[in-house]
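A short worksheet on the structure shown next.
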Amino acid sequence: MSGDRTIPVLALACLLLLVAAALAPQWLVFLLALALAKGLVVLGLVLLMRAGLVSFGQGLYFGLGAYAAALLANRGGLDDAALMIVAGTGCAAALAAILGLLLARYREIFFAMLSLAFSMILYGALVKSSALGSTDGFNLHAREFAGFALAGGTERRLFFAASVVLVFGLVWLLHRYLASHWGRLSVAIRDNELRVEYLGASVYRVVYANYVAAGALAGMGGAFAALAVGHVDPETAYWTTSGEFVFIAILGGTGNVLAPFLSAAIFEGLRTVANQYAPNVWQMSLGLAMLAIIMFLPGGLWTLVRRRSAA
Amino acid sequence: MSDLLAVLFDGVVYSSWLFLMAAGLTLIYGVMKILNIAHGSLYALGAYTAATIGGAWLAAGHPPIGSYAMLALAAVLVGVVMGPLLERGLLKWMYGRDEVVLLLVTYAAFLILEDAIKLVWGVESKLLPEPYALPGNFQIGELDFPVYNLILIAVAIVTGVVLAWALHRTRQGKLLLAVIHDREISAALGINVSRVYLVTFSVGAALAALGGALAAPAIAVSPGIGVEVIVLSFAVVVVGGLGSLGGAALGALLVGVVRSLAVRYWPEAELFTIYFVMALVLIARPRGLFSAPEARRI
Amino acid sequence: MKRLLRWFSIALAGALAATGAMAQQPVKIGIVTFLSGPAAGPFGVPARNGFELVAEMLNAGRVPAPYATKGLGGSAIELVVIDEAGGPQKQVAELRNLAQRVDYVIGYISSGDCLAVAPVAEELRRITVLFDCGTPRIFEDASYKYVFRTGPHGTMDNTSLALYVLERHPKVRSFAGINQNYAWGQDSWADFDAAMKALKPGIEVKTSQMTKLFAGQFSAEISTLLSSKADVIHSSFWGGDLEGLILQGAPRGLFKKHVVALSAGEPAVNRLGAKIPDGTIIGARGPFGPFAPDNEFNRWFKTSFQERYAVPPNYASYKAANALLGLKSAFEKAQKAGAASPTDDQIVAAFENITFEGVGGTVRMSLGKGHQATMDNAIGTAKTVGGQLQMVNVKRYPADKVNPPEGTKSEAWIKSGFKK
């Protein structure tokens, strides 16, 4: 296990990103911020995948988190980025706590499709609501972060730096969680649920906890993405968005907490490159790249890193 | 009364089209345990092929009645070409990998095919309206309905019956059922699982293409028609129970009729109906309507 | 494949021609339009073709007066085209990338994308010309310095349509609608509904069908419309949905038993031609396509486009051309004011409130504090004469009759009965 190396790598990555926040060009800061946001959602997915569950409906929480954050600023008048993130995470966690009671009983494709159904119900509700702009969505703008006013120009960098610290703190916590008793129970559940029950642990509780955590992470990711992009729209809850998260998760593999961020960044990069150099066939280029990765890196992108450290 | 009849008829028409899509998908999933996202592309390929060869047939001055044969031919062509191409050329190399990875593979295939279709056929829509308008209309109450819809229903029923017969009465079909039930034991008993996979995938592809070919005369065949179909077919398959043909039929019927009722009597809810139906069915019967009891590994 | 090669060779030819003919650095313009997905066929690619054609013609100096100057004020135009597909979040990311590689950006068909990118363009201080999206919210809900829209917004589509319907069919007592269930369809229906009610109080709404976007099959919805017995049926359908509606509705008598009014139906004219039943009311979102006045400039555009792409230009192509011509006009106006290489601020100042000759008619940047264009509108009725579809009973509506005045929001303006 690369467990020992994770913490130092985490710290190093955090440091590098903080440097980037200060020095990198604006477009790179934006790209990294978006990758960070998506990485959070995928991290939640990886949690679930470790327990053997694939959720095709994380868009529900991603979209909810985004809209909750945006509405707080637009209609609630509170355009403090920290509050917006808390709102996004909180709403998503609350909904996950309710839906998880039902969903934790399902497995495999039924879990996937039921989660998809719920995300599409949110999508439908958002599309129907012309007050929320329907498919056009609406823009948002954060003016402060935890009370500190964000000056125009540097606001993105400051905000990105703060989010880096926050996210990596969270990632560290999750890493501890995964190495802990409950984390290992998740893997056991994936292997053989029934035995876990016989051994006395509550499968339902572990799955439920993972689900709520994944929902909360997705909501936080949604709020971050909304703040980075400055716009929310119902597409965030659409099944293709959820599908994208799943694909990033599979690409990265479930080996380590850092894998989602790495593969999110690479996926975003791939898509941008494909769009730039092959605007007429970017889908095909992306598909071919994905196939190549699947064929040559069976454990996901993370095996690239792991191989090097094992050698 | 004739109002309700019209609504039910519309529902059954939609269900027929859904059934063709779902049948192929449920077979593929049941046998190969693959969630075939490329199913949407196969549908689109069926529609495009039908539009092309149907259009060529009519342009060459042949009798319009032959255009129906062209639709069937398009489905067969896609099944025979794309089935082996995808299964042998791509999926075969990925068997044994995690189910989720196979999902990613079919998604990559879908992306590639979407752009391939665009490269071959361009972005302008392709039209083939003749088969749709040719048989004329019939009436329910005061409303005109195209006879073509009756043809669609008939084809769906015949396809369902033929598939059911093939699965339960022929030797090949029973082998397929055996593989659906337990892949490992079937292989141990000497069934050529590899060939079963090829046949299943090709038949599934042909069914998806048939759905597309039959839809082509009524719609404008354009890029992106495959995307929506994916979620619809998945929902129906899950509702009906994976690997169950009867489930696919019942699921399609349920979804189609409920949707049609919503369109007439509660249009605001139309967007949600399929997801509500799916959620309700799954809550009541967590493994779908017709799910075979599965042995649990201890 | 052919398209790809063609585009590449054009870009190459353009670049070569530019280096040969002009000494200055080429001006790079980023073009964002749909190259994939359902919007590519009816809008995205026709728009790209419009951009390509006009850019090439400008570089070669083959555009009639008043655009005789080559390229953009003497500098060759180089287009960098990217795909608008993927949704607003993705487009924001793409704009941030694109803005570094180009001098100006022209693009965006989807309202969601326009709304999302406008503040980003402002933040990046990159002159961005929106050319097609319909929502009036861009300049009604916010102000921008660097963002312009050279195409009229969607309000006039349905206000003109309502006026036309009531003028041609004064005895109308009820109407129904079938629109796509997303912002465009919802807004179009809301505008038409409000306009009809303001112009003819007491009119009855029989049913409003909101279909899933790109559903393609409307058997149940058509049945509902037929049994509603509404006099007029409104639809803002476009692309495959519109073609499907016509192909499925016509044989069932939808167009015979009702007056069908298509607010954005013009692209179907080229695609379906005589299959569009007589009596269908069609709008082109402006004086485009069959409604373009017959003068030298418009004839030039139509014939050049037809020669090059084998199909006539539709309204997306017209609006694309106008965006490029608008930017050129502003650029050259700034040049005339003294600067040989105008800065962005100078171009912005020149662009505001400018009036220029576009294809289809005069474009006046008269709303949105000088950033939003208005044009006259035209609505007509379809009639097949000698196997060819023609627009008859064409009625033109002056811009200020069908657009809200500066400072008034479209929704409120329609509800007030189009008060000035």
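Per-chain numbering from 1; labels A, B and C assigned in written order.
Operating definition for what follows: contacts are C-beta pairs under 8 Å (C-beta built on N, C-alpha and C of every residue); 3 or more make two chains touch, one makes a residue touch a chain.
Bear in mind the structure is a predicted one, so any value in this text is a computation, not a measurement.
K.L.:
Any chance you could name the chains that touch subunit B and subunit C both?
P.N.:
Joint contacts, listed by label: A.
K.L.:
Find the chain most remote from subunit A, comparing centres computed as mean CA coordinates.
P.N.:
Centre of mass proxy via C-alpha means gives C as farthest from subunit A.
K.L.:
Could you tell me the distance, in whole angstrom, between the mean C-alpha positions of subunit A and subunit C?
P.N.:
Going by mean C-alpha positions, subunit A sits 37 Å from subunit C.
K.L.:
Indicate the whole-number Å distance between the mean C-alpha point of subunit A and the mean C-alpha point of subunit B.
P.N.:
Roughly 33 Å, centre to centre.
K.L.:
Residues of subunit C that touch two or more other chains: which are they?
P.N.:
Within subunit C, residues 3-4, 35-36, 181 contact more than one other chain.
K.L.:
Which residues belonging to subunit B are in contact with no fewer than two other chains?
P.N.:
Within subunit B, residues 114-115, 118-119, 227, 268, 271 contact more than one other chain.
K.L.:
Using the touch rule from the top of the page, what residues of subunit A touch 2 or more other chains?
P.N.:
Those would be 127-128, 280-283.
K.L.:
Show which residues of subunit A lie in contact with subunit B when the two form their complex.
P.N.:
49, 54, 102, 105-106, 109-110, 113-114, 116-118, 120-121, 124, 127-128, 192, 194-195, 239-240, 243, 246-247, 250-251, 280-284, 286-288, 290-291, 294-295, 298
K.L.:
Where on subunit C does subunit B make contact in their complex?
P.N.:
1, 3-4, 35-38, 40-42, 44-45, 181, 207-212, 214-217, 219-221, 223-224, 226-227, 239-240, 242-244, 247-248, 251-253, 271-272, 275
K.L.:
Once bound in the complex, which stretches of subunit A touch subunit C?
P.N.:
Interface residues on the subunit A side: 26-27, 30-31, 34, 127-128, 130, 133-139, 141, 225, 229-231, 233, 235-236, 241, 268, 271-272, 275-276, 279-283.
K.L.:
Which residues, counting only subunit B, touch subunit C once they are in their complex?
P.N.:
For this pair, the touching residues of subunit B are 3, 6-7, 10-11, 13-14, 17, 114-115, 118-119, 122-125, 127, 129, 132-133, 136-137, 142-146, 149, 215, 217-225, 227-228, 259-260, 263-264, 267-268, 270-271.
K.L.:
So in the complex, which bits of subunit C are touching subunit A?
P.N.:
Counting only subunit C, the residues touching subunit A are 3-4, 7, 35-36, 81-83, 86-90, 92-94, 96-97, 99-100, 111-112, 115-116, 119-120, 124, 135, 137, 142, 181-184, 186-187, 190, 213.
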